[in-house]
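Several structures are given next for inspection.
Two complexes are shown next, each including subunit A; its partner changes from subunit B in the first to subunit C in the second.
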Partner chain A sequence: MEDLLNAFLLMSNFVFVPAIAYGSQLALGAVGVTLVYGVLRFSNFAHGDTMAFGTMVVILFTWWLQSMGINIGPLPTALLALPFGIIVTAVFLLSSDKLIYRFYREQKAAPVIYLIASVGIMFVLNGVVRFIIGPNDQNFNDGERFIVKARAMKQYLGTAEGVSIKVSQGLTVITAIIVVLALFWFLNKTRTGKSMRAFSDNEDLALLSGISPDKVVAVTWILVAILATVAGTLYGLDKSFKPFTYFQLLLPIFASAIVGGLGNPLGAIAGGFVIAFSEIMITYPYKKFVAYIVPGDWKPEGLVQLLATDYKFAVSFIILVLVLLFRPTGIFAGKSV
Partner chain B sequence: MKKFLLATVASAAMVTAAHADDVKIGVFLGFTGPIESLVAEMGPGAELAIAEISASGKFMNGSTVTAVRADTTCVDAGAATAAAERLITSDKVSGIVGGDCSGVTTATLTNVALPNGMVMISPSATSPALSTIEDNGLFFRTAPSDARQGVVMTNIIMEKGIKSVALTYTNNDYGKGLADAFAAAYEAAGGEVTINASHEDGKADYSSEVGALAAAGGDVLVVAGYLDQGGKGIIQASLDTGAFDTFVLPDGMVGGSLPEAIGSDLNGSFGQAPGVDAAAFIAHVDGKFNAESPFAAESYDAAALILLAMQAAGSKSPSDYKGKVFDVANAPGEKIQVGELAKGMEILASGGEIDYVGASNVELIGAGESKGNYRQIEIKDGKVSTVKYR
Partner chain C sequence: MALLLIGVGLFQSWNVSLSILNLCLISAIMALGVNIQWGYAGLFNVGIMGFAALGGLAAVLVAMPPVEGAWSAGGWGAIGGLFLAFISITLAVITYQRMSAGRTRSILIIAICVIGFFITRSVFGPATHAIEDINPAKSGYLGGFGLPIVLSWPVGGVFAGIAAWVIGKITLGLRSDYLAIATLGISEIIIAVLKHEDWMTRGVKNVVGMPRPVPFEINLQTTEWFLNLSSTLGADPIGFSSIFVKICYACLFVTMLLIVLWLSETALKSPWGRMMRAIRDNEVSANAMGKNVTKRHLQVFVLGSVVVGLAGAMLTTLDGQLTPTSYQPLRFTFLIWVMVIVGGSGNNWGAVLGGFVIWFFWIEAEPLGLILMNAITSGMADDNSLKLHLIDSAAHMRLMTMGLILLLVLRFSPRGLLPEK
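For the complex of A and B:
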């Protein structure tokens, strides 16, 4: 019994908790990507750097709040700075839409033109973020670090294994749930949300029934600003802020969105968790886990690892390829790519 | 008449040449290219030793020494080869301080120095491949091979009585080379490496890497990575999950920003980085250039070694003095500290033996490379503090 508990705690500490937190981070990013794809009909490659931009603004406001001596006890000050970050990011996205994407919309440009334009914006954002805050790591997490610490838990339970749960991980999961619920309520219950879905389903019909395209586009960008800034900030709190890693995040985020079904918010969330869990579970060595659940001295010699961690990225891509081969619309029938 | 006079003068000059000569030394470094900022201090380092010996008047019956610069560019093997050709055939140098980067050094050694029988002493090429290259005894370096750090790290870990480690490295030539060198040395010393896994830099999440390292177990985690890249991510995730408490940090991980970013949990972790107690050299250079810049001291020593070997052999011909480099660099003999080059010249002239210590504590091992000097560090109270030099 004790061994089973240990095995469970071991898996929780190294697989479930990190995968749930990482999955929520990916899910929040993927929902943003999927929203742009659904409503504006292009793959927004600038999303990773939009997250970096939003986080940068949040960090700058966090520093300002910290210098004023404002904080919220055990929670990170960055949560207070979030609204400022969202506003600045929304202004940025709306002006980039006005300056760049609107031109192509009026031309009725093909989606690939938008995609290339978004690559351009990605590079510009890359530069802007590095110019303002620099390419280095910024650690802006203050407040408590842990909800439960592995060592404390071991002592309390008297087990060989313990579980650590970080404040940032808890925050990530809770915020992800709240944001996603709010998004679904917005899309399904409000008039604006419904008009967005109508616009996404059939643009011409939506325009005929009097939906203002400008408003739909503007609301979409504002939602993207909220999602990107929240996702970026949570990720930064959990790991740390470095512009380059946000650029790298783009790959798993797109994998999540496509696996779930591009254009389908529910799919994006599922996709985020599928990618996170498979990355971690397939490369996890089950040596200790097996040692706990098998009797006596059947302890395995090797690591009992399916794939070396070097192939972690390959896992997401294999899933991506399989999904595109057998279910091109993604797990939750989104749009075919 | 005029011709006769000229001929007399010329022959007179040639006669004296046998006694006092002007010896030319090539300073063959990347004055342009990726390491130009380091070479800005390395070049003057080599030239300082050359100027001191030349001014002492005790070098080979009062011969003078002149430095001739040439550019390796650090990356362009073609340009480097041409520049080295020029040094030997047109400038007629008697020895070369250089090259600097491992790639161009290998190219010039095989294409130019070897066919021409020229001695090269590199102050900064650290690739382990240069330890085993075919060199006819012509190539030396005052920098240690990267493989050497694995041995030093093994010694430090073994002295602490740690017999089992997990090992992760950044997936590039540096990380892989260091990890393999360390694993070989550590296992030879009787330690156990439970896992030798790579990590990629700039990843979004390191939980799976840490999961694997934790499952394999080990008393400490050796992180052969970069302190502002994946190495930091691995340490952070290990501490968060309680997988490891103590970390061994090789040179890529030593820096003030790491304890600052991780916090007090890093206290007690230890490691090493190349470094020497440079106080004497700094005082000697006296602000003429930045003596603390990497490889500046090694450059000074490379130039000094060539000239000391010439003095010991009594000849500026590379084939004569190449066998003397080891003799002047290592014991037995009187220790020659930085700034005592004139004294070294005197001892050698009178037939004595010296053990050149110089600016970077030179001790040649193996095929003619520096044993290397490492600064053993420990993280104490959130700061990198020096334990000792070894």
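For the complex of A and C:
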């Protein structure tokens, strides 16, 4: 019994807690991608770098606030800087829409043209971020590190294993829940949100009903700015900020959005957790876990790791491929065309 | 373009000018490959980096001498492991196709995959460890077949073609975004494999000192006819030897470029090329005329990737080493895209021109950016932190410039420098 409890705590510490935090970050990112897809009908390749851009602005404001001596006790100062980051990112996205995407909307260009344009924006953002803050790691997490410390938990329970929960992980989950609830309230209850959904379902019908496309598009970009900046900042607090990692997040984010069905926000959230859990569970070495649940002398020799951590991208890719092969519209029906 | 290169030769050095020329030639071939996919058929491939890296892998596998004892230590185990993995995937696919849908089928397929995975691991793991343990500082990998490196160019094409076939089979026929996302994924995975499968590529330890299709400078400097030649030209033999080697490479690459260009032009003008463009311009009507759109797309996607793989193998040949960490998506995937779009999508000559122009500016943007930054900051004090920061980050200006060029060309001149006829 003792061993089973230890095994459970071990898994919680190294698999469940990190996967829930990572899943929330992916889910926020994937909802952003899915919103752009639903309303503007293209896969936004610049999303990863938008997240990096938003996070960069947050970091800059965090440094400014820190230099002014402002902080919020145990919580990271970045939370205070978040609104500034969102505003700057929203301004950037709205102006990029005005300068670039709007032209193609008026032309009724093919989706692939938007895709290429988003690649161009990705390039520019990449350059801007590296130009301003540099390509290196930035750690901007201050305040308390842990909500629950593994050692304290061990002493309290009297077990060999304990669970530690970082402040950043707790914050991630709470913020993600708040943001997602607010988003769904907005989409389902407000007039603007309803017109957004109508626009996404059937553009022509929505236009006939007098919905202003410019307003819908602008609101979408603002929502994307919120989601991307929050997701990026949480990821940066939890791990660390490095522009290239954010570019690489693009693949798991796309995989999450497609697994859940492109254009379906609820699916994107589920997809985020599916990807995060599989990624972490498949690359976790189960040696200690197995040692707890089997009788003493059966202890395994190797790491009992299904796939090396280096291949975590392969996990999201394989899931993506399986979904494309068997259910191209995603687990929850999204748009197929 | 030639004038620009001559200008670099006069103002910087002929050595720099020739190395830019060689990379221009390779970029032009890569751009031709992408143009086959995008210009002929409208397929958006975001995984060019991966296909180029497969070409690099082919160069290692074909040309490096085999490592003493590695094959007997674990070579057959490693190959056998890959073979077992292949068998289990094939079995799973056959089961999927032959059995009717139902719970039995799902359970059977999962069982085949799980059992196959563990059997593969039990054969593959020890074998690769044995290989990596042989003299890890110098080799620690299987090595290649010790064949002439030029042979690796078509082999690289074949590798890339196989990868493209798998990706195309899965994603073509679905909406266009999926192809883009799947190619993005496969290229990341190919790079991850190159970085971490030490038994095959030495991973981040890099494979260096690859054989060359042209003589080494050191050997040239002691050869009689070469010394005579340089003295007739009145050149310093040491400096001239490196220029001579670059000229040899350039000749090889020009030949390849001409072959690929001729083939692409012939294909574009043939009925096949007209059919491809018809499909690109209106899939529905081409379909109604009885053309199998998905099949044609798969064909053209594989062909384009073969050309990219070929260029990737040539690039590794020129570098003389395989460094998996040097494969950056911005440099290998998106830069090639800028070349194709700027040059003129659908026009092979445009792709070649784009390859030359963009590569030239990509290289020269760095010194130019530095000059610009120095000019802007000349009024500031030397220890001004803003000045130091600006000069340090001048290199990142290139990304921004390339993105802006892409956006501007796409917006104001979507047909590129040399429009399609």
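Here is the rule we go by: the second predicted complex is superposed on the first by the 333 of 337 C-alpha atoms of A that agree within 3 Å, B and C clash if a C-alpha of one lies under 4 Å from a C-alpha of the other, contacts with A are read in each partner's own complex, and residues count from 1 in each chain.
The rule is short, and it goes like this: contacts are C-beta pairs under 8 Å (C-beta built on N, C-alpha and C of every residue); 3 or more make two chains touch, one makes a residue touch a chain.
All figures in this text were calculated on a predicted structure; none of them were measured in a lab.
*Asks:* Do subunit B and subunit C fit side by side on subunit A after the overlay, or clash?
*Replies:* In the superposition, subunit B runs into subunit C.
*Asks:* If you stack the two complexes on chain A, which partner ends up touching A:222: first (subunit B), second (subunit C), both, or neither?
*Replies:* After superposing on A, A:222 lies clear of both subunit B and subunit C.
*Asks:* For A:80, using the defined touch cut-off, is the partner it touches subunit B, subunit C, both, or neither? Pick first, second, both or neither.
*Replies:* So A:80 meets neither subunit B nor subunit C here.
*Asks:* One more residue to check, A:134. First (subunit B), second (subunit C), both or neither?
*Replies:* Touch status of A:134: second partner only.
*Asks:* Tell me the contact category for A:316 with respect to subunit B and subunit C: first, second, both or neither.
*Replies:* A:316: touches subunit C, not subunit B.
*Asks:* Between subunit B (first) and subunit C (second), which does A:198 come into contact with in this model arrangement: first, second, both, or neither?
*Replies:* In the superposition, A:198 contacts neither subunit B nor subunit C.
*Asks:* For A:248, is the partner it touches subunit B (first), subunit C (second), both, or none of the two (neither)?
*Replies:* Touch status of A:248: both partners.
*Asks:* Should A:280 be classified as contacting the first partner (subunit B), the second (subunit C), both, or neither?
*Replies:* first
*Asks:* Touching A:308, do we find subunit B (first), subunit C (second), both, or neither?
*Replies:* In the superposed model, A:308 contacts both subunit B and subunit C.
*Asks:* Clash-wise, after the superposition, say which stretch of subunit B runs into subunit C: 79-87, 133-141 or 241-249.
*Replies:* Given the superposition on chain A, subunit B and subunit C clash at 79-87.
*Asks:* Under the contact definition given at the top, report the residues of subunit A touching subunit B in one complex and subunit C in the other.
*Replies:* Residues common to the subunit A contacts of subunit C and of subunit B are 248, 308, 310, 313, listed in rising order.
*Asks:* Quick check on the complex: what are the subunit A residues that touch subunit B?
*Replies:* 13-15, 18-19, 22, 25, 136-137, 139, 149-151, 162, 164, 166, 235, 239-240, 242, 244-245, 248-249, 252, 276, 279-280, 283-289, 303, 305, 308-310, 312-313
*Asks:* Per the contact definition, I'd like the list of subunit C residues that touch subunit A in the complex.
*Replies:* My answer: residues 42, 44, 46, 117, 125, 170-171, 174-178, 180-182, 184-186, 188-189, 192, 195-196, 329-330, 334, 337, 341, 392-393, 396-404, 406-407, 410-411.
*Asks:* Okay, in this complex, where on subunit B does subunit A touch?
*Replies:* Listed in rising order, the residues are 171, 195, 197-200, 202-205, 207-212, 214-217, 228, 232-233, 236-237, 240-243, 257, 261.
*Asks:* Contact residues on subunit A for subunit C in the complex?
*Replies:* Subunit A reaches subunit C through residues 37, 42-43, 45, 100, 103, 110-113, 115-117, 119-128, 130-132, 134-135, 247-248, 250-251, 254-255, 258, 262, 302, 306, 308, 310-311, 313-314, 316-317, 320-321, 324-325, 328, 336-337.
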